[in-house]
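In this document, chain identifiers A, B, C and D correspond to the written order of the chains, with residue numbering beginning at 1 in each.
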């Protein structure tokens, strides 16, 4: 069986998920949508994806621009088994009501949506099983995915009493040239703790508080973690555990990884779009003081949720169990192969 | 008595301290040094400060540039009771050996020096008494000053079991146009916890661990604090305590303070060079979860240590006790007057 | 006679013009407006300005926030002789229709408005006389003001055949923390030449083409100028001419002015808000090749139009002729006093 | 015949040239050097390149780091026909004296070197023939390459009387995390016109003056061009001419290319490391006023000289004439295939 996948919103997340789906044998892309005929729409066509208008009224806009579409989102989902909604935050919930419920199609939403858009919030490592057979699944956000993967590994191996996480966030994605924060630091939100902690709790049972800041960079989020462990552990034990998980990559300042700029320079050598599907943990940041684990990791906000979307499809269609799905996803996306 | 003060290094810190000294009745500037005849040197002269060459061999360079000096650092300290060393990190220790010890002059060093450069590390609120009568005093760094003021107030009023602080640092000062980090986040240091915690402990007895990051902004550091309290407290109790201390200013998102950019916009209305001698705490960040206090503050790295330098002089020359000195310093520098 | 001045929009430009008006003997501020009760509104009150609601419906919002207003913009202009509209681009034209025309009040608009909002576009040096006695005057934008002052001096002394200007613009003001361009360069507009050339021609008769780019900085615009001269000239002749005009300040890399960051560092020593009312021209950029003058200048976008607003009031109310008005404005604002 | 190529300096330029050489049938990489065993060194080994120490004394440093080398630069060039020196500016001249002259090996230098390091400065389009059979060739810098390609096409087709170019430069490359200009604009050099004009004249006979500025971005240089044409032309004629040259790519704001950020977003879809070997010209910037052509282009500083290095090898070893070499290079590197 090959699951027919529609991508609603061929943008930052959508184009990556589309390519990742195309690498799988048990699923295929039947079409992607765009709201306007820009270079990303043209690229979708050049890549061989069938293009549809995300907003039915705009079919003509595409035609005038010389980028004809095959139809609209409504047409697209007629031919699909599942739609991956990659539209901007909150639009997914609107799409669900407008299109997906009527069409009776399964749908995956992204972390910009509220948790009640779906039956279950999803992270492959943490709760794959809960999405099995479900109709509506929400893949949690890039920050939540990054936190969850790491905390899952720590919890499984050392137990967690409490987590305190500070998130230093890139203010906009590289392609966003109108928004930003040019010179400053923005507590976001100002009221503490932030909503990121409860979002982690939608997929992992852990005591966590979070604070978050936006800073003038485009390339990665950074998480400063303080984790009170249940069991005794040494830094080398933590390193060993993290090295077992392909979706976590360890880097070191000895190799020249002094900042997210250097991490991305490395990623540019590895994958198109310099996608890092893995958490990037600084090995030499890992320290344990009074049984509290300190650790710094970076998360590529554009890419990290891509493998989770693939696994979510497999869970929803019961194509594979957790281990098998993650193994296939990792292999097809070269995840876990770039540890130096 | 009017203490004769020399400033060695009329740069970012030095020019501010010089002006602050000039506002005091019990001390006066007898001269300032520069390493080169740039616009800051010319401004010193226009302000009426006697200019000296920080590096004796460069007297001619000043003369050629049409900015004659009164002599060298060696001449300057002959006429002074105390020298405030505002040279870049580690140079202060060299100056001590080369000039200050020989001249038998008292000296104040800045936080860029190691703690053993002086007999005592200093923060006015936390340990004024320890500097009384001392010959060599080190005013702790901007980050340490910001942390110490705040933690002192919390400790005195609620007791502190443990502090975990994340520091998001401006990568360079506004005037630095050659160095930086243009797009990225830099764990600095990578190995955890950072040296900032032990530096706080040079002035305040508190259990603290810190982590620090550099981000591409020039205007303020931000500290995300997690403080385990000994006593029960509510956010409003914390607010009330912080409002008592003039060197801490509370701001709120309701007034439009959404980022350090907005805080500086406010500061531009208040003082020349937009100097903020006060810690800036977001009132609406203050929260208490499981007896752990969460709080976000911003620190103006160029200005926050200025009042501490003034108080350090008073302590060293026994001109006033802690309360009196801080009161005079606050009044002369308008500290505590801009709370909205 | 003291002209009663209302400021509609106490923001980036408005607060500066208010303070500048307050320094003049022949005019006074009767009130300022704000759209919301943020820290700028509170500052206006602390400065002693009477506060009014710029949007009549929002009076209650101010009251709820504990920042009571004296009334609305409609009340304010009843008591004023002239209103200086400092609202965001295009809103001035709406205000004119809604309020100013009905009230029969004179009005000054800023450069964000289209030229037909007023009877005349204004630059003190270039066309003071044209605003004499007028009811509606538009002070041209920061970029146009900077270009016009410089070109006026060159034209008067050497004649101009043609000007080609490249403008490298700060993307947002320091206080704007939501908008921006974080990493990139934006041709703005992309279609060439840009609208800035024709805007200069609203105040100065000169053959000029312009191109403009936005870059990720907040502090100053930079103009790279190529000017074909009618008369022979040497760089030192140009320097001499520019030094005659107080609203133009020359700086040099010898003094350490290597970038706009250094220029602002100097300005922070001079005026509150680091306001630079003067064009800042790099003396050592000035070169003449084949009778074409090359020159680089920087413009402080927040401040440069302030003196022009003051002069515009004098022209409209025939309080003084050009030379007298500019002289008073310059003296009261310390313009021309900081040339090193 | 397969030319044996050594890369001295597997960094920003070197790693790209190495991969480009590897795509050619008539040349091969025999080894690359690094000064230290960082992640780029490890990547070189993973890619299958033989690694050598660029600094003979550092062999042990590599061994200690677990990155053994095959020998030193001196060993490497024994086995090579030509060395491509990709070391930082000015180091190439030192290497020539220390190693290349002694070994009697042919060498290609980059644009950071002075022109007299080589017999000829090189741009494939402009002067391929001059490098034929030469021993020492210097590929001009990224900015000069970008200007030369464009001006060559314009000159061949319309004639050029005079060029005035403003260059808005990225301040550092993406991987550089210590240097920069965080908030400001830096005239660089301040003295006008800049050295870039004469550098263009090392490869193309054209009357050109240039000015240059550094701005806080990492991703591309932008050139604002004013070109006085000899022949009459319309914008559409210019478009047609530029479209003929595969090393020039036209983009349009209609397709969403509003800034260099968007151009790089497109490039991320096309090639590993988002390399743009082509000049990127905004089609809708092209305008002609009074026979002066206005045009804006962007240049990817890390990549644009890569094809020129390949062509330089072919010229030096007389492997192909200009047309043939450029054709092969273009085909192997997919140059000219991404025009939308």
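Assume a residue touches a chain if its C-beta (ideal position, glycine included) is under 8 Å from a C-beta of that chain, and two chains touch if they have at least 3 such contacts.
Given the structure is predicted, the values throughout are model-derived calculations rather than measurements.
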| item | value |
| --- | --- |
| Neighbouring chains common to chain A and chain B, by label | C, D |
| Chain pair with the higher count of C-beta pairs in contact (B-D, A-D) | A-D |
| Listed pair (A-B, A-C or B-C) duplicating the C-D contact set, over half by residue number | A-B |
| Interchain centroid distance [CA atoms averaged], chain A/chain D, Å | 36 |
| For chain B paired with chain D, centre-to-centre distance based on mean C-alpha positions, whole Å | 46 |
| Residue list for chain D, restricted to those that touch at least two other chains | 174, 176-177, 181-184, 186, 216-218, 258-259, 261-262, 264 |
| Of chain B, residues touching chain A in the complex | 164, 166, 168, 170, 181, 183-187, 190-193, 209, 211, 213-220, 222, 224, 226, 253, 258-262, 264, 282, 284-287, 289, 292, 294-296, 298 |
| In the complex, chain D residues that touch chain A | 15, 36, 38-40, 42-43, 65, 174-177, 182-183, 218, 251, 254-259, 261-262, 264-266, 268-269, 271-274, 340 |
| Chain A-touching residues of chain C, taken from the complex the two chains share | 171-172, 174, 176-184, 186, 216-218 |
